[in-house]
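Would you mind keeping the following structure in view while I ask a few things?
Labels A, B, C, D and E are assigned to the chains in the order they are written; within every chain, residues are numbered from 1.
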Amino acid sequence: MGIFNRHSSKSAGLEPGALVHIGERKTERTRITVIDFDQTNYEEREVQVAAECSTYAGKPTITWVNVDGLHDVDTIAKVGACFGAHHLVLEDIVDTNQRPKLDYEREKYLFIVLKMLQYDEAEDDVLVEQVSLLLSHNSVVSFQEQKLEGDVFDPLRKRLRIQEGRLRRAGADYLAYSLMDAVVDGYFAVLEHLGERVETLEEDLVQNVSPNTLHRLHSLKRQLLVLRKAIWPLREVISALQRGDSPLIAPETMIYLRDLHDHVIQVIDTLETLRDMASGMLDIYLSSVSNRLNEVMKVLTIIATIFIPLTFIVGIYGMNFQHMPELPWKWGYAMVWAVMLAVTITMLTYFRRRRWL
Amino acid sequence: MGIFNRHSSKSAGLEPGALVHIGERKTERTRITVIDFDQTNYEEREVQVAAECSTYAGKPTITWVNVDGLHDVDTIAKVGACFGAHHLVLEDIVDTNQRPKLDYEREKYLFIVLKMLQYDEAEDDVLVEQVSLLLSHNSVVSFQEQKLEGDVFDPLRKRLRIQEGRLRRAGADYLAYSLMDAVVDGYFAVLEHLGERVETLEEDLVQNVSPNTLHRLHSLKRQLLVLRKAIWPLREVISALQRGDSPLIAPETMIYLRDLHDHVIQVIDTLETLRDMASGMLDIYLSSVSNRLNEVMKVLTIIATIFIPLTFIVGIYGMNFQHMPELPWKWGYAMVWAVMLAVTITMLTYFRRRRWL
Amino acid sequence: MGIFNRHSSKSAGLEPGALVHIGERKTERTRITVIDFDQTNYEEREVQVAAECSTYAGKPTITWVNVDGLHDVDTIAKVGACFGAHHLVLEDIVDTNQRPKLDYEREKYLFIVLKMLQYDEAEDDVLVEQVSLLLSHNSVVSFQEQKLEGDVFDPLRKRLRIQEGRLRRAGADYLAYSLMDAVVDGYFAVLEHLGERVETLEEDLVQNVSPNTLHRLHSLKRQLLVLRKAIWPLREVISALQRGDSPLIAPETMIYLRDLHDHVIQVIDTLETLRDMASGMLDIYLSSVSNRLNEVMKVLTIIATIFIPLTFIVGIYGMNFQHMPELPWKWGYAMVWAVMLAVTITMLTYFRRRRWL
Amino acid sequence: MGIFNRHSSKSAGLEPGALVHIGERKTERTRITVIDFDQTNYEEREVQVAAECSTYAGKPTITWVNVDGLHDVDTIAKVGACFGAHHLVLEDIVDTNQRPKLDYEREKYLFIVLKMLQYDEAEDDVLVEQVSLLLSHNSVVSFQEQKLEGDVFDPLRKRLRIQEGRLRRAGADYLAYSLMDAVVDGYFAVLEHLGERVETLEEDLVQNVSPNTLHRLHSLKRQLLVLRKAIWPLREVISALQRGDSPLIAPETMIYLRDLHDHVIQVIDTLETLRDMASGMLDIYLSSVSNRLNEVMKVLTIIATIFIPLTFIVGIYGMNFQHMPELPWKWGYAMVWAVMLAVTITMLTYFRRRRWL
Amino acid sequence: MGIFNRHSSKSAGLEPGALVHIGERKTERTRITVIDFDQTNYEEREVQVAAECSTYAGKPTITWVNVDGLHDVDTIAKVGACFGAHHLVLEDIVDTNQRPKLDYEREKYLFIVLKMLQYDEAEDDVLVEQVSLLLSHNSVVSFQEQKLEGDVFDPLRKRLRIQEGRLRRAGADYLAYSLMDAVVDGYFAVLEHLGERVETLEEDLVQNVSPNTLHRLHSLKRQLLVLRKAIWPLREVISALQRGDSPLIAPETMIYLRDLHDHVIQVIDTLETLRDMASGMLDIYLSSVSNRLNEVMKVLTIIATIFIPLTFIVGIYGMNFQHMPELPWKWGYAMVWAVMLAVTITMLTYFRRRRWL
């Protein structure tokens, strides 16, 4: 989950609008599937040649074209062309460093970029994949990098196939909404994992702090940073969709967009709470480290301040002066022990009064 | 008081609007009570079958339906249906992770989600419960999780029964306002408890700091975080109610909403002050820990810097060289004591000058 | 100067608008004084029965009713009734936890809550008292808790009595403005005291840091927090007064309100500067503590690293082996001293190079 | 450069608008100079009696009246009266705690308060002086405290005298702009000095940190705070000048105000950058202190952990037991040295592995 | 990469609009190249005399004048004069401390200042160069300091020469956009370098912290600060270009400006993420230092607390009392060893229980 993909600058100097795939190549070949439906008919097939899409572009049925894999810029360009996408839109589709955004050519299409998230439990990392949607009058084209396991859109396909649900009755705008909703639903799962990590970390902070705790905390904070970058701008995108009186979005769909907006706000809210908690934990960590240092120092001080004077005392009577009056005394040795005991007791009392023991 | 309920993502992949209860199951069975009144009549009873509600939906009297327990989604759906609630509204009612929000279907109903708070003195924790209100022309439906002890709406019921008060004369909008007001009044009690904890903590910081103090401070900060999440959005909700010229809210009720708005601002203000104080306390804590370390180090340093040289001196005359001129001296031993005394006094003077003693 | 008064929640559950005095009882009995004047006449007297106020309500002269003490809610209610105050306004008057606010019933009255501040030099604390103003067509009613020493409105009374000043010629709105101006002028005195404390603290930080410094700093920050809570909302209140085209405020008074607004901004500005300075001081404090620790550690290290090796050396020749070639040497003892001197010089050179000495 | 002048509250309780000079008295006597000019004529003289100003007030030529020294409130009042200034404006002129502000009486005058800054190299401090401008139809009155060395308006006077420049052709608004521009130009010089101090401090942080560094950093931060207070509000003032369609400002002057606005933004930008850098430096300082402590501790630890065990070993053979088998050994002494050498090498290896050496 | 160029104040006191070059002199002589083209013709040449520009000013073809080097203010003034630039615009061109800004004279020209960035790998520093664009009806004049290696506009020249691209067909506004786009593309490269440095630093923080790490982190933060200053205001500039309905910008160009705006937002987003990461790293650094101190202290404490008591014990039997019962014991010496072994084991057990080992 890097901050940006290498060579994000490789298009520098090219003509604005030159198509360059920026990002990791995640799949072998670009796969195009078309689902064409209305309330009574349903057709689903894989298309070999990008240009075939154009046969669907003019039909009155709702068409959903899904493109997996973005490295084959020619194919992307051809698919885009079928649906009238501007060259700059195509450039955005293949640049996986895009932040969530909304673009449009009035009366023609709406173009939405958003980020799909998945929690990789093996690596304890969050995977990010860019999804672009191109909504025209009666079609939706979705572009995925196909980096994540499992296709988050599969449940939607199932609902399209078997159900006599709203998805089959409503227009392309509702389909686009459903795709966005599926992506946003995925955020909750990711946040839940991160929430669990936050709680595990908090318990560790109370019980057994180690330098490792710090690095886990740091990696958590970094992931929250990346999530933030991926999710925050989406709020604006959906607000803009609601405000903008695009003729491509039916009034009936508005209530769903409002619901989606609420979900995004809820996600952001939780994200910010997690960030606040993570910040608080760093303070706790530093305090714990300070406390430990204090404790270590106390042990050292107690030992040293008791034994250093005692060692001095025994050192005195280790001197070899010929005239030391105490040495021949019968009870000299016992007396030294008595003095040392007194010193020790005094010290311990002092420590106890200072609450160091 | 977790950040979110487990399985908040369990609805992911379902059709938007599918009814899934998200949250802890807090009560055995869903209980529906209906209070139907106007200025002269008053009827209060428990309803067994959700569909019975519909008999009240058309009456000219004011009807207050209260539903306790949200796990039984079918019942919720039926009650909602009686009052014309959209499917997405029902979904919000049973998802206890909602943040406070306002939704509406113009001319039909206003839908308000808010958070009820209660201080659990046994656990020193803040309990959060979601309350949803559905205000239609002459009815209010309230949905509670019924997790908290005591029903915060009981005083309202009493006022409805015995008093010839404003509540019986005014419309459903005033009833809805009274319910919200009851919830917001509960916030003050919670803040007062937290304020007391802040003050106890402050005294502890001055008198006896312990690692435990840190964890209490941390838990306090976390509770303030949760409160913030529960209360902040309510301000927007009430502002929207005031701005929005819904026909469901009578102009006479506006002044009450303004008062409610002031109360929420006051709550937020106090909350932010508590947060600021809690932040300040962390600094104090860290400083106290530093001060203690300093003190410990000073004791160690004083002991060590006095006795280490002395031990060295006695070590010298413990050497077994055959030719040590001082050893046979008559006053050698006394001289060593004199030297040691001089060293000690020098050191103590030095420490005093440095204000370490 | 607590964050809120105890039992701020005691009204929870009551009908909204129920009159409950929230706050400390600061005076024995509620005292009502009436000043009634126009350009030629002046009458000042204490009223025994609250209802007497109504005789002034209808007169063409300007009437200023001042109420000291808020615990007697009945009297407050009666005075309020004379001037047509809404029940919610009365509730705000007796709740001393109000934040500064503006409320109004168009054409009838403006209701303003603000906070009077006084620096208690004996306790080094800031006292806060709530003042409410009810401005109607030709009367002003002011409500005070009467907790502070001296009445901040006395100079105003004097100006009303003796001067042929603007106050006697202008309307009730100018009187209300003058009352607010007197309150805001009091803020400058409080800030000046706090500014002096900030400067004293800064000097102490440079010269003699002690744990006590930290607590003084903490108490200062807390007082600034309380001030902030009392003063910030006032800006909004006065802005709203300026914006709102209330018929109760004459256009000639506007320039005075703008001046008052500037004063409040100036107060806020200074307050924020003091807050910034106080924050900066905490950093200085922590740094000073660190520096002291460093210094202590250096002394310890210098002493220990010089004497520990020396003690080791003398320890060697304290061993009782029968075959130790150095012991019988004539210059053995001198040689040991030479070695020890060499060690000491080496160490001191090392410390000097490291700038520890 | 205090946060506010003593006795800033001395006007409390007076009638709003009472003239009291607040601030240090910086000059012996109030000096009034008048420059009266149009494209062909130029007159410059010092006026003894304030009332003389009125002779210029009605003339068609452009008049610039400059008043140095603010303590003589009567003179100020008379000068103000000539140009129709409101009493509140006069009050602002003599209160040197004003923040930059814009006030106006439509069609009559614009009143601008701003802060002149000068870097005092001897004291390494920033001096602040308040300048007020009163722009009427064809006159500008400027009020200075005359605290700074050199008059920042002298170059303007020269340009007025010798040049056939724009200043002589344009109106009073352009003159007022030029005065403000001269003040803002002075900010760059101050920021440059502070920028140099920031850089010197940064070098010191890398090379030789001392407690003194901290106090220099603190004083720098405080000066930046004062600058901020003096400069930030000016942005608003100039924006308001641009927005407000005052008839006193000719459309041709607008482009100059836009340029001035850009300069102020640039100043603020640099100021904020310096503040960010100063904040960053505190972190560096604290880290440096920590690093030094670490280093000190390492030296102590290395010395102690090597010699304490050795001292123990030699202590063993200093015991006086009659039966110690090693003592009579021939190679006992050599053996002890061997053991000690081994211990030392082990320790050093350990330290090297931990990268302490 | 200083915060500002020396002598940024050297224009203080001059007439507003006086032309003074502020900044480093980066090139020997000012070089002016002119490219004049339309869809069919293309002319590119270097102009010796600034006044020659005027021959192009009136032509219907698109003219791009590029000026390298800003120190020769006369030449700049002449070039500016050809295209009708206001004196204040010229002043901005030669002042390299400008922040990105947009200025305009309606119907005549748009004036844009922006900052070109380049990463200097040798010095690990970011170089900043000011670029000003003056867009009139059918010409663009660009001014560069010519400090950076390589000309970022070269690819544009190539596209102009060889391609039958959009650049030749579109107007001067598209050319200006392309120049800005080239500059913004350069930002990505710089951010990528900084991103790599962030990652290298993060690895170092985990593996081998050194005081040097701190200084690298500090220098990184400072560079991010400078970038911020250079890039943030550009967003406003482009927004203003989009909003402002200048007749100089064709509606077809708007979509490109929107794309450019998105790129700038993306740059800012990444920049802020890097800043957040750098802040986080300081915390990690401080924690690492604390951890190391802790570790050092533990080693010292373990060694000291084991050996100090042992040294005391052997000290006892080094005393020379004549009556010490243990000394003549046969197993005395062995017994002492036993006691010492017991003490050591006790200590080690204690340390293990505290997890110090």
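In the analysis below, a contact is a pair of C-beta atoms (placed from the backbone, for glycine too) under 8 Å apart; a residue touches a chain by one contact, two chains touch by 3 or more.
What you see is a predicted model, and the numbers here were worked out from it, not measured in a lab.
To fit its Cα atoms onto subunit D, subunit B must turn through 145 degrees, a value rounded to the nearest 5. Each chain gets a centre from the mean of its Cα atoms; for subunit A and subunit D, those two points are 42 Å apart. Rounded to whole angstrom units, the spacing between the C-alpha centres of subunit C and subunit D is 26.
Residue positions of subunit E with contacts to 2 or more other chains are 286, 290, 293, 297, 300, 304, 308, 311, 315, 318-320, 324. Each chain touches its neighbours in a single ring, whose members, counted from subunit B through subunit C onward, are B, C, D, E, A. Taken together, the subunit C residues at the contact with subunit B in this complex read 2-4, 6-9, 11-16, 86, 88, 91-92, 97-99, 101, 103, 208, 211, 214-215, 218, 221-222, 225-226, 229, 233, 282, 285-286, 289-290, 292-293, 296-297, 299-300, 303-304, 307-308, 310-311, 314-315, 317-320, 324, 326-333, 336.
Subunit D meets subunit E in the complex at residues 152, 155, 159, 163, 165-167, 177-178, 181-182, 185-186, 188-189, 191-192, 195, 198-199, 206, 255-256, 258-259, 262, 265-266, 269-270, 273-274, 276-277, 280, 283-284, 286-288, 290-291, 293-294, 297-298, 300-301, 304-305, 308-309, 311-312, 315-316, 318-325, 355-356.
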